[in-house]
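Okay, so chain A shows up in both of these, paired with chain B first and chain C after.
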Partner chain A sequence: MKYGVIVFPGGSAAPECVAALRHLGHDAELIWHGNPAVDPDAYDCLLLPPGHSYGDYLRPGAIAKLSPIMPSVQEYAAGGGVVVGFGNGFQILLEAGLLPGAMLINRSCKYVCRLQRIAVESTKSALTCGFQAADALLLPIAHRWGNYWVDDGTLERMEHNGQIVLVYGDPEPNGSLRGIAGICNESGNVVGTMAHFHRAVFEDLGSTDGVGAFASIASWVEKVRTGRNGRSAPSGRSEGSGRSVRDGHSARGGCCSCRGCDVAESAANMIAATSVEGGNARD
Partner chain B sequence: MVHSVRVFVTLKKSVYDPQGDAVKAALLSDGFEGVRSLRIGKLIDLEVESESREACLAEVERMCRRLLVNGELETFRIQPAEDGDGACAGKADTCASQPAAAAAVEDSAR
Partner chain C sequence: MTEWQKMGLTDEEYRMIVERLGREPNYTELGMISVMWSEHCSYKNSKAVLKTLPTRGPQVLQGPGENAGIVHIGDGIGVAFKIESHNHPSAVEPYEGAATGIGGMLRDIFTMGARPIASLNALWVGDLSSEKSRWILDGAVAGIAGYGNAVGVPTVAGCIGFHRSYENNPLVNAMCVGVIRADAIKRGVAAGVGNSVMIIGSSTGRDGIHGATFASADLTDETVESKSAMQVGDPFRESALMEACLELAERGCVVGMQDMGAAGLTCSTSEMASRAGTGIEIDVALVPMREEGMTPYEVMLSESQERMLLVPVPGREQEVEAVLAKWGLHAVRIGTVTDDGMVTVKDHGSVVACLPSALLTEAPVYRRESERPAYLDDVASFDTSIVPSPNAPEGLDAALLKVLASPNVASKRWAYEQFNTGAGVATVADPGADAAVVKVPGSRRGIALTVDCNSRFCWLDPEAGAAHAVAEAARNLACSGARPLAITNCLNFGNPYKPEVFWQFERCARGMAAACEALDTPITGGNVSLSNEDGQTPIRPTPAIGMLGVLDDVSLAVPSGFVAEGDSIILLGTTCDEIGGSEYLAVVHGIEAGRIPRIDLEAERRLIDLLVAAAGARLLRSAHDVSDGGLAVALAECCMAGAIGADLAVTGSQPMPADRMLFSESGARAVVSAKPCDVELLLQLAQDMKVPATLLGSTGGNRLRVCAAGSTDAILIDLGLQEMEQAYEGALPCAMSKWPARG
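Let's turn to the complex of A and B:
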């Protein structure tokens, strides 16, 4: 399993996503948003991380949707590739039209940061296919713009198609229509949620309920892969082993040669440093 | 020629505005008992180099649909401005002395 984690300017959580993925034994590298071409064979999943890209100016995700990388993300999704957005990544997918609906400021107008009960409503998506419907998860949320809204007609279609994949339990955090916490597109390969699944893979952080979501993605990818042509891993890639965490520079490989790569590289080095410490502390 | 344009972005009527409601509640509790509704939008001032006013307005409308406005939630109104009135991007001091309301009234009369 190889993830490409897209780094948008001002976004904050790409490094922690990479750290979480590597902790789970996946290969993961950062991709700078200025990279106009993503090799679809190089990644099993593109992850749009949380974290207030562009300072949430205008509307969260609005400016990021015009990033040079977005057309190739669109293409990747159109070709059946798995595209997942957490938090701001979800907002970017909405703004880009990869998912229906839009985000409003939370009904309370407050920034909500806590562990939240969230129920799996549909197992149709790449993110939830490994769960059972009605599974209750404990997941971190942290946002001020998570009040999901969509018009009635679209909502009806989404319900009919099983596109509402996650819903908030009590207490409901943000006023989202129908308590919607996560949705997918019609074919289930594009998924967005305000839940930070990647922060729920370390026991020390209060929940490991996020682990199942990454297992879901892996099984979805495997299913698509065997369904297509029985090919194993993407060309020239081996399964992640955590080796790259200690390597410290492997994230560089996913970047283009634009100036943004300095940012990506320093973030990668940061991950390498923190991950190694984390690893020592855990075991 | 550079044209000044002002864009008003407002939430659709069907969309609940938590910010507006919070501010309305504050005004009511501060004694402004007559407030019946309050909704918060955005005002964007632009100066656009363009051949004609018509071309400029068409260009700004494209900008609205592409980025400035989220059509799922919001609607917009584009208001062109003559030199010295209405929109005043980059001229904060002029802006301060020109209430937006006055410009809007003038525009609707135009």
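Let's turn to the complex of A and C:
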């Protein structure tokens, strides 16, 4: 499995996502948002990380959706590639129209950060296909704009299609319509959730309920690769591919030569090296 | 009123300036001197006392005098940390005041080349029955969240205290912690004559002019009125500036760097020149400005946020510009380092100010008049033996619930759920614990962090109270399994020109020094905030102690709550008849008086050593220090944190009424739990290390049941977990839900 984690300015959690993915034994690299093209064959999954891209100015995700990389994220998703957004990443997917609906400010108008009970409602998505419906998870949330809203007609269609994948348990944190904590698109390959699954994979940080989500993604990708989900398999790694973002620059560990990624990369390495169970973390 | 009086200088100080300068200063120069000679920048009223604090130790890589202190935690890893006040801005505009407080602290850390990994905050506000206090607390917490969360640095610990003396003058102290290789520390020096001087970051506006002067005066209607536009924070720019500065440091582009906080360009130019023994010449016309028609005076005194002064390695100016441009920020060469020891300010080439940097950075030092406050005669002599103990168990149950619901004791979840505690996936123990524990990047080690102060103790007995504050912070760290290493302090007091206030300040410093010596925790820096009063009532003396400790292996971290049924509960230390100054006395009997618990620094030291040793030997399942609310509250907190009840019997150093055993705030105590098979070893270890240890009972069930030792039928406390939780968790949300009451 190889993840591409997109770095938006102010998207401060990109390094910790990479650290978590490497901790789980996956390959992961950072992609600077200024890159105009993503090689669809280079990654098994694109992850839009939490954070506060562009300081959440205007609305969370409203500026990031205009980033040069976004058209190719759209293309990647349209081709059946797995695109997952946590927190701010979810907000960006909504703003970009990759997922239906919108985010309002939390009903309390306050930021809320806690371990939240969240139930799996649909296993139709790439993020939840490995769970059982009604599985109860304990997952970190941290946001001020997580109050999900969508119009009645769309909501009905989403329910009918099994696109509501995660719902909050009690006490609900933000006033979301129908307690919605995560949704997917019609074909299930684009998923957004306010839950920070990547923060729930370390044994010493309170919960490991997030591990199953990454196993889900891996099995989804595997099914695609073997042709059972309708999308042709990614044709191996990007080395040698002329369209590769990575090859477009003299990469030193990061996706490209820009220092934005180098700095984030070194932060990710630092986090990975911290892990007590460091055995799984790659350098 | 003369111009210098308006700027906060005395006639005597003005005469001194004219004499040292050999001429009258012009208006711009007067503004620069007055702000540098404010208490906030110069510590002129506190320096003499600060010199008495211990600041040295083998662990200290950088002591006071730089942007932040740095301590060696082993393996060549340095930890930079510092606490600072942003009290007066927060009184006027709580959100931006608190937000820019966080921003300034973050810059102090990454200025040194260290990557921020954690923030803490310490807040004191008035009673929550007051609308104003609720407005301030709500805004300050939102400001810390809004800024800190957006930058992506986790807020991992803090404290909130309540008393009416803070109603008009709240305390908002922010602390930040970063990591750096011990050999890569950057300092704020303008070295190398001929080197460029650059301003990097945001542009300069008219916000915060004379902020430091404002911070150094009493908070009256007139001073609030005179305050120019508040500083406004931009966390998005801050995060970009942080990445840019760390990148510059990593690339080796930096000779010296300093953030612009109080007194902006004036402070950063004069301090950097003064530290290096050089001079600096700048032209303000080159400074990127966000408003038109700014005068040199305004540019030199602006406190616009998210700016730094940088002296780059010669020849690498373009590289600096390129790095900053990538992050969307300015980098402009505004002058050069000179050899004349002067801060020379030009405007389009003509000199508008020229002052010796030493004149700016060396304000006169005063030893203010000091006198024991009269109130102490009444309150300290109060005889607590006349206080009746409530009936057992109903009266004591009710008393415990009342203390648990007291805002000083109650859960601060309402506040810390607004902070992104988990950012960076390194926070092992978050604000609910005794101390936060954070994994150190690139190491097995962890650091433990806490900030606290019992200002009622400090008001009743400044010397012992300050010593208690240090001891409690050290106990908090030790309970988490960490060895206490060093302190950063924020000394919040009233107007130092009042002899009674200065006496409190002196005594607190004395108590703090003694405790730091005894516990081997030197002070590596911090901040003094005086004149915290509304023109009449000074705040209670509040020397906030921010303490850093280290765990050699972060997996040794000990939680504060009970973890399993059937574990044995042990009290380390001895409970004495000491309810003077206690939370119990205040909330149950309405009395804030009496002699505070005796401070025994040797006993504290032994307890800390024992806790660290026992954690290292993995003998502890949980450990929680006993402080506000006494043993009863500590036990209730252990039960609630672990959602496990307990059944136990308590005793005291001598026969005493039941309420004393439960609510005395005697120092040098901790409640620990251990597997039954480890109890013998633990008790033996305690005996070897000369710490009294008493087996109280065991964990289990869903109630807290406490009886008096020797008479198991004498039930003192019998409360369900849920009932306690309602009081403890419900208090703050309930008090704050009265918001918004303000139109």
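Structural remarks
In this text, the second predicted complex is superposed on the first by the 228 of 283 C-alpha atoms of A that agree within 3 Å, B and C clash if a C-alpha of one lies under 4 Å from a C-alpha of the other, contacts with A are read in each partner's own complex, and residues count from 1 in each chain.
The definition used in the following text is that a contact is a pair of C-beta atoms (placed from the backbone, for glycine too) under 8 Å apart; a residue touches a chain by one contact, two chains touch by 3 or more.
On a predicted model such as this, the values are computed, not experimentally measured, just so you know.
Number of chain A residues touched is higher for C, counting chain B against chain C. By the touch criterion stated above, A:I105 is placed in contact with chain B alone, chain C being left untouched.
By the touch criterion defined above, A:G10 reaches chain C but does not reach chain B.
Within the superposed three-chain model, A:R199 lies in touch with chain C and out of touch with chain B [touch as defined at top]. After overlaying the two complexes on the shared chain, residue contacts for A:V211 are found with neither chain B nor chain C. With both structures placed on the common chain, the touch criterion links A:H52 to chain C but leaves chain B unconnected.
By the document's definition of touching, of the two partners only chain B reaches A:D151; chain C does not.
The touching residues of chain A, when paired with chain B in their complex, are 58-59, 62-63, 65-66, 95, 101-102, 104-109, 147, 149-151, 175. Partner chain A is touched in their complex by these residues of chain B: 15-19, 22, 66-68, 70, 72-73. Chain A contributes residues 9-10, 12-13, 16, 19-20, 51-52, 54-57, 110-114, 140, 142, 144, 196, 198-199, 202, 204-205, 258-260, 263, 267, 269-271, 273-276 to its touches with chain C in the complex. Note for the complex: chain C touches chain A at residues 115, 142, 145-146, 149-152, 234-237, 239-240, 243, 246-247, 250, 323, 326-328, 416-428, 439-444, 554-555, 557.
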